[in-house]
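Think of it as A, B, C and D in the order they're written, each chain with its own count starting at 1.
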Amino acid sequence: MPALSKLLSLPEAARRVGDGEMISLGGNSLTRLPSAFARELARQEKRGLRLVKTAGAYDIDLLCAAGAAVEVQSGYVGFENLFGLAPSYRKGVESGAVRAVEHACYTVIAGLRASAYGIPSQPVAGLQGSDVPGLTGFKEAADPYTGAKVYMIPRIRPRWAVLHVPYADAEGNARIEGGTFEDVLMSRAAEGVILTAERIVETSFFEERPERTQIPAFLVGAVVHAPGGARPGACPPFYDMEEEAVARYIGQSASAGGLAAHLAEWEERDHHPAAGRPAGGRP
Amino acid sequence: MPALSKLLSLPEAARRVGDGEMISLGGNSLTRLPSAFARELARQEKRGLRLVKTAGAYDIDLLCAAGAAVEVQSGYVGFENLFGLAPSYRKGVESGAVRAVEHACYTVIAGLRASAYGIPSQPVAGLQGSDVPGLTGFKEAADPYTGAKVYMIPRIRPRWAVLHVPYADAEGNARIEGGTFEDVLMSRAAEGVILTAERIVETSFFEERPERTQIPAFLVGAVVHAPGGARPGACPPFYDMEEEAVARYIGQSASAGGLAAHLAEWEERDHHPAAGRPAGGRP
Amino acid sequence: MKREISPEKRRAADRMAVFLARQIRDGEIVFHGVASALPMTAVGVARRLHAPGLTYLNIPGGVDARPAHLPGSTVGAQLLEGARAVFNLAEIFDLSARGALDLAFLGGAQIDSRGDINLSYIGDPRRPKVRLPGGAGSACILPTARRTVLWRTAHDPRSFPERCAWVTASGRVDRVVTPLCLFRKEGGRLVIESRHAGVSAEAVREATGFDPGPCEEAPETPEPTPAETAALQAADPGGVRFLEF
Amino acid sequence: MKREISPEKRRAADRMAVFLARQIRDGEIVFHGVASALPMTAVGVARRLHAPGLTYLNIPGGVDARPAHLPGSTVGAQLLEGARAVFNLAEIFDLSARGALDLAFLGGAQIDSRGDINLSYIGDPRRPKVRLPGGAGSACILPTARRTVLWRTAHDPRSFPERCAWVTASGRVDRVVTPLCLFRKEGGRLVIESRHAGVSAEAVREATGFDPGPCEEAPETPEPTPAETAALQAADPGGVRFLEF
């Protein structure tokens, strides 16, 4: 089989994302999030993006801070017990600049499943007594066999799944280490997949353990070599979250100037990935 | 954590299955099917069993030959290009002794998904123009968002998933090698799981590569040490299908005496699993 | 287990494997299901010739497996050899369901004038004369895959009726490959596309239970080329393709 | 990153971790979600004492992980250390959806008299005064898990209103653990079960926005035993539990 390279630079790959498109972001909270890609979207001054994630943090907040996002479908956006609320997401929603599409994490999964399964909506257990369905507009339907009422979650079909992975080859095969979260489902639910990867490896790497290739090449449209691409978040097995760098971002994100400084500080590492050193002053 | 052993002998485990219960059988065609367990069910003269499998062969046919099965929900039952139609399944359906619940393989999967997801039915794409929904009674429902008509597959909730695996520990953690087929889904969809395993290993085996443990112990009710338990079918990575033994079964299955001889021939191996030698005269 | 096979059937198997291979376009995502020795062989031929960039999916879940020897069961673990990824059967159905499977090969015990297939019942399904094995994935794949190619090794009026009394699956049929000819679907009906070398228009007409269209004018199916024959031997040195005959 | 924490808060954290641990029964399948440092700690305590046979599930998917050091994020890869299997987040939700998850720990920014929780909005959700992080899995878990234990590190009338103006999730609440007391759900309402040592009935009443029931008669929550304190130190030597304060 001929090697079909899908390798692009980070700016080239980010240019594939058009204003107004829906993109789902891989990882969860501060683990294996596509940070470098989110920063590049901000640098390219994207507008109107509609973001999808079960539980987001830096990536979602940064795209809100940059004015790139107009909608966030998620179950949770925040910095957990470490830093609490996501300041720019919060500000965006409170000001009306960002539409929060209130989900439970499981309804995001259900919507992605509907897309992956080629069906218009996916029934989901739960939600009884919650105000979420009323606000978001989830409808109940009667099961045709039992008559039982079940909430149906409309399909979520992002234009792109943007996933940061430890290992990929130039064709787009990818292996994730540690929690896979919704990345695998997102790769099936989206129209196209953009990978950013810590290491670009030979295809033989995947042939040795094919059962560990969670994302096969035929689903993938672009591959970016992006070492450190999840920083300041974690990317198992390579590096842990950088708490001080996250704190620094939170401080910087409060002002346009601070955000610009933040993007500038990371630009060299993002664009010259082989450097890939940690942020926040740590070695 | 204390070691909670779920190890049972093959006859003990088979006695857990009651007459009239619905059981889903792991594997696909002549690969990794729970042959020894099926033979033991036949020896114990079970009656009224309702079988579930996407694509079955020896296991389904044997339980039809033995008069143990009254219903088969499946997409395919046969011996592929090697031996064609499954003779006892065919005879059972044609005589009215066995009710064939006509499925596509994907509707079996959809029904199992409904059970795994805790919903009464699962929408599925496809089936347009097919006589399967009319015969089996699959109903269409209008999607509440688009109005599009979608077939809904009622949940399939077997009392037991009976799965043959290469490796299990005494608590019920299991690793499958090669195709996993519907085994993983069955382990989630059934009320209880019975494993038969080629090798009983220490729990540390699973701790070394937890991402390869497709079936975690907390889903499993019983574990049987059953080397050769898929024979005359294949069990990767240990042994391939025994074509001559399958042919011998097909000949024997034509008469009650032949079937009794078949069950007797395998009894010692099934009950003294450490022997576990191949059938059909091969070394 | 060795089986005897006549030179005639051997030739039919070789032709059908090659003609099926020609239906695969480079870059396509291709799937065949259970009991599919001929399509399994065809994939191996196509990737050696005109479709090196195909993606090959199968029931055990191997993505782009390159088995040294094809298994007698199309569920055999050999279909994971050399794979780069594992893509489980349920995922393959999902892929088709969402319209992203390019090409599926499906068999039919009966294939009718509309390209509908029967793999389930001869006679009343509630008390059938013959219980066939069932349609496997076909009822969901045929309406959702971008293209489907059907094949059947027997070409006789019973196998190719005007209408199947019972329809297991219906949908996006592109081509049908038989030992006598190729059909394509046009205006909702199967019509002859080409006759294999040495097969008369009359032979096709007599063997087909529906009007196959202008058989006389149909061109001859190009015989397997030396390159195709060589690729066939390389793809299936053990002759698994003959199992269907 | 080191944080200062007062001895008082340190004591509250230790108590809450231990009291949460006591809610876990041996053999149960237990899950906590994101931003859940206290339940993460509680699992480590329970399995060292009265619940060695619990099954522990978490967001990265580790089954029975035994991390040497708890991570500051409850999504950290440490929660896969020593795991015997990986059971993905979607699968955990499925498990709950089919009624097979024994115990879930869920937080609430507000917990009302019925045990309903708000993690979403203060003010009009269409233009909120405060956008909270969202309920994560709670809206689907709370109605489907066999039991749910809630916790909140702040106990004041705003956090414990008669009714949440906006309900993120509602369902099968069994117990609520706060720095002042335990509540249980009885007849559709939260009622006090016990007061922690040194907490007056009046203090509970004043801190609670609804009628907490007979506070005077409520027994004292048994203080952490030496064994529990030792297990707590072993489970969370780094003091991740203090992050919630």
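Basically, a contact is a pair of C-beta atoms (placed from the backbone, for glycine too) under 8 Å apart; a residue touches a chain by one contact, two chains touch by 3 or more.
On a predicted model such as this, the values are computed, not experimentally measured, just so you know.
Greatest Cα centroid separation from subunit D: this falls to C. Subunit B and subunit D have Cα centroids separated by 40 Å.
Between the CA-based centres of subunit A and subunit D the separation comes to 27 Å, rounded to the whole angstrom.
Shared contact sites, meaning residues of subunit D that touch two or more other chains, fall at 80, 86, 96-98, 144. Shared interface positions of subunit A, i.e. residues touching 2 or more other chains, are given as 117-119, 124-125, 211.
Interface note: chains touch in the pairs A-B, A-C, A-D, B-C, B-D.
On the side of subunit A, the complex with subunit C involves touching residues 1-2, 4, 115-119, 173, 188, 203, 206-207, 210-211, 213-218. Listed in rising order, the residues of subunit C touching subunit A in the complex are 29, 47, 52-53, 55, 62-64, 80, 82-87, 91, 94-99, 144.
In the complex of the two chains, the subunit B residues touching subunit C come out as 28-31, 54-55, 74-78, 80-82, 85-86, 89-90, 93-94, 96, 100, 102-107, 109, 124-132, 135, 178-182, 185, 234, 236-237, 240-241, 243-244, 247.
On the subunit A side of its complex with subunit B, the touching residues are 117-125, 139-141, 143-146, 148, 150, 152, 154, 211-212. Interface of subunit D with subunit A (complex): residues 1, 33-37, 59-61, 72-77, 79-80, 86, 88-90, 93, 96-98, 116, 120, 125, 127-144, 166-171, 243-244.
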